[in-house]
Amino acid sequence: MTKPENITQKKQVLEVALLTSSQPLSLDDMQKLFADRMERATLRMLLDELKQDWDTRTMELVQVATGYRFQARPEYCTFLARLNPEKQSKYSRAVMETLAIIAYRQPVTRGDIEEIRGVAVNPNVMRQLQERDWVDVVGQREVPGRPSLYATTKHFLDDLNLKSLTELPAMEDFVNSEAQLDL
Amino acid sequence: MIETPLSAKIKGEAFTQLPQDLYIPPDALEVYLEAFEGPLDLLLYLIRKHNLDILDIPMADLTRQYMEYVEKMKAIKLELAGDYLLMSAMLIEIKSRMLLPKPAEIESEDDPRAELVRRLMEYEAIKLAAQRLDEMPKVGEDIAVASAYYQHISDVKPPEVSLDDLTEAWRNVLMRASHFKHHKVGKAELSVREHMSMILRRLKVDNFLEFSQLFDVENEGIPKLVVCFLAILELAREGLLRMTQQAPFTPIYIQLNARD
Amino acid sequence: MTKPENITQKKQVLEVALLTSSQPLSLDDMQKLFADRMERATLRMLLDELKQDWDTRTMELVQVATGYRFQARPEYCTFLARLNPEKQSKYSRAVMETLAIIAYRQPVTRGDIEEIRGVAVNPNVMRQLQERDWVDVVGQREVPGRPSLYATTKHFLDDLNLKSLTELPAMEDFVNSEAQLDL
């Protein structure tokens, strides 16, 4: 087989590519798989069929910010966790709060973050987020000192299984529930 | 839920929550300080712990409790973050402004606590958002992504070559080949050379052609026909093809100059 | 599902673990997946069945030195190669000059090229140009040894976006300045 003849073969090529890629594949990536021109609409249709083919199987085809990927259905994660018991160490509260500010208020400067949290930002915190490729600098604010503006990356969305920032839990929810509980 | 999780050990005994009366064993103070993310976090803790309404904070109580905490930190000469002192100043300012009688004409002035409340609510929302983000499944922790193996075949993409690259190379050739006799490569010569290659290609396929077959009189203009004729002459001169004619006025045949 | 009940479920756990692992899994690794003791013989049997389940599918379960892994069947690898084509850096100077000589002086023999460049033509250079389908043999010069005559192809013109060789830049400007001294 050098050219996929029919729909089944095309789906097989897509399946192999998605099962072997550790990064999500974009539609552009997937078009490259086929020597002949493949319309994006056709590709979407094939992906939809492929997703259905796997509906009752162990992995699921999901769409995230940068493209499509196969991932284990959540019910298997408890087993997989046993393979690598040394869990990735949790991020500190400072890291998670800084991340939350950048995610919900982006683009923000370091000063904005300090204003909201009420404490200075530890450079180490920003470094951790940037090393994980969850946060990067998207520009400078045009004020004296031209401070860097930080935003979350597509990779952050991928890692949280999100297609876009709008899928983040809404902030209003927090405020409302809090008002009702009045703890 | 809002309570800051603590796991301090003092003299072998585990302290899992802050004491109700805010008495903090001096040894543990540093641990507690680290447990708070800053003055806003501490204030939120005090408000929540004592069931105070965030929208109607009793400034006197809150300021007193906060200051007690800060005093204790000072007492053990803990290096106190400037942020905590700055907050003390802000609380005292709000408290004193609330004590002052309001002049009638600025009755509608904002509550001096408004800015503090706004910041506390903003911070609390972010704090909760951070908890939610922390709980969300993440790749590498709770999400396992397919990454089966495949045999990597290298599909080498040939280098790009531009016209500039090519002419640069040619310029270099000419530059170095000072002994080179036939420098002149004009457009006319190139088209002759192109036709020479084309004629050789045709003869490779057909082996034997009538002279007139090489000329497409109907479709090509005079210049092209001339170029084609020049190409044939050049090929003949270089001994690459042979022209034969059986008798005068009979067809001229052209073939590759194969050795007998 | 917190405990795999039957053979099918156990195979599913193995399948997920193998599809999501970038390293081969050893029998020891795979035993860790199951809370209950799993005999190595049972594990081998399950792996054998899993292998058969995938017999007609896109991936194959293979045993390598450090364990088991799923890998794409070889016939798909040519497609996957298109995803990340390795860019060859640049043609060497020898290749470019040889190409230029063939383009401007065609049809030429290897001897002609050597005479102009002043060095022997590396066979590898001609191979690269012929593999790219930019140069081919159009005949032989009728001299002793009957050397091949090389010329550029239509494909070469296409790749350089030219309709005819006459669109190659004429070297007159450069040549004239030299020609005045020389001729």
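As written, the chain order gives the labels A, B and C, with residue 1 at the start of each chain.
One rule holds in what follows: a residue touches a chain if its C-beta (ideal position, glycine included) is under 8 Å from a C-beta of that chain, and two chains touch if they have at least 3 such contacts.
On a predicted model such as this, the values are computed, not experimentally measured, just so you know.
Colleague: Per-chain Cα mean versus the mean over all protein Cα atoms: which chain has them closest together?
Modeller: B
Colleague: Could you tell me between which two chains the number of C-beta pairs in contact is largest?
Modeller: B-C
Colleague: State, to the nearest whole Å, the distance from the C-alpha centre of chain A to the C-alpha centre of chain C.
Modeller: That pair's centroid distance is 32 Å.
Colleague: Using the average of all C-alpha atoms in each chain as its centre, how far is it in Å between chain A and chain B?
Modeller: 14
Colleague: Hey, how far is the Cα centre of chain B from the one of chain C, in Å?
Modeller: Roughly 27 Å separates the two chain centres.
Colleague: Note the residues in chain B that touch 2 or more other chains, in rising order.
Modeller: 144-150
Colleague: Give me the residues of chain C that touch two or more other chains.
Modeller: 16, 19-22, 59, 70-72, 76, 78, 80, 82
Colleague: Touching chain A in the complex: which residues of chain B?
Modeller: 1-2, 37-41, 48, 51, 53, 81, 83, 87, 119, 121-134, 136-150
Colleague: Considering only the defined contacts, which chain C positions touch chain A in the complex?
Modeller: Per the stated touch rule, the residues are 1-2, 4, 12-13, 15-17, 19-22, 25, 29, 32-35, 58-59, 70-73, 75-76, 78-80, 82-83.
Colleague: Okay, in this complex, where on chain B does chain C touch?
Modeller: 144-159, 161-163, 165-174, 176-177, 180, 183-187, 190-191, 193-194, 196-197, 200-201, 203-204, 238-240, 256-259
Colleague: Which of the residues in chain A end up touching chain B in this complex?
Modeller: Contacts found on chain A: 16, 18-22, 59, 69-72, 74, 76-77, 80, 87-88, 90-91, 93-94, 96-97, 99-101, 103-104, 116-120, 158-161, 168-169, 171, 174-175, 178, 182-183.
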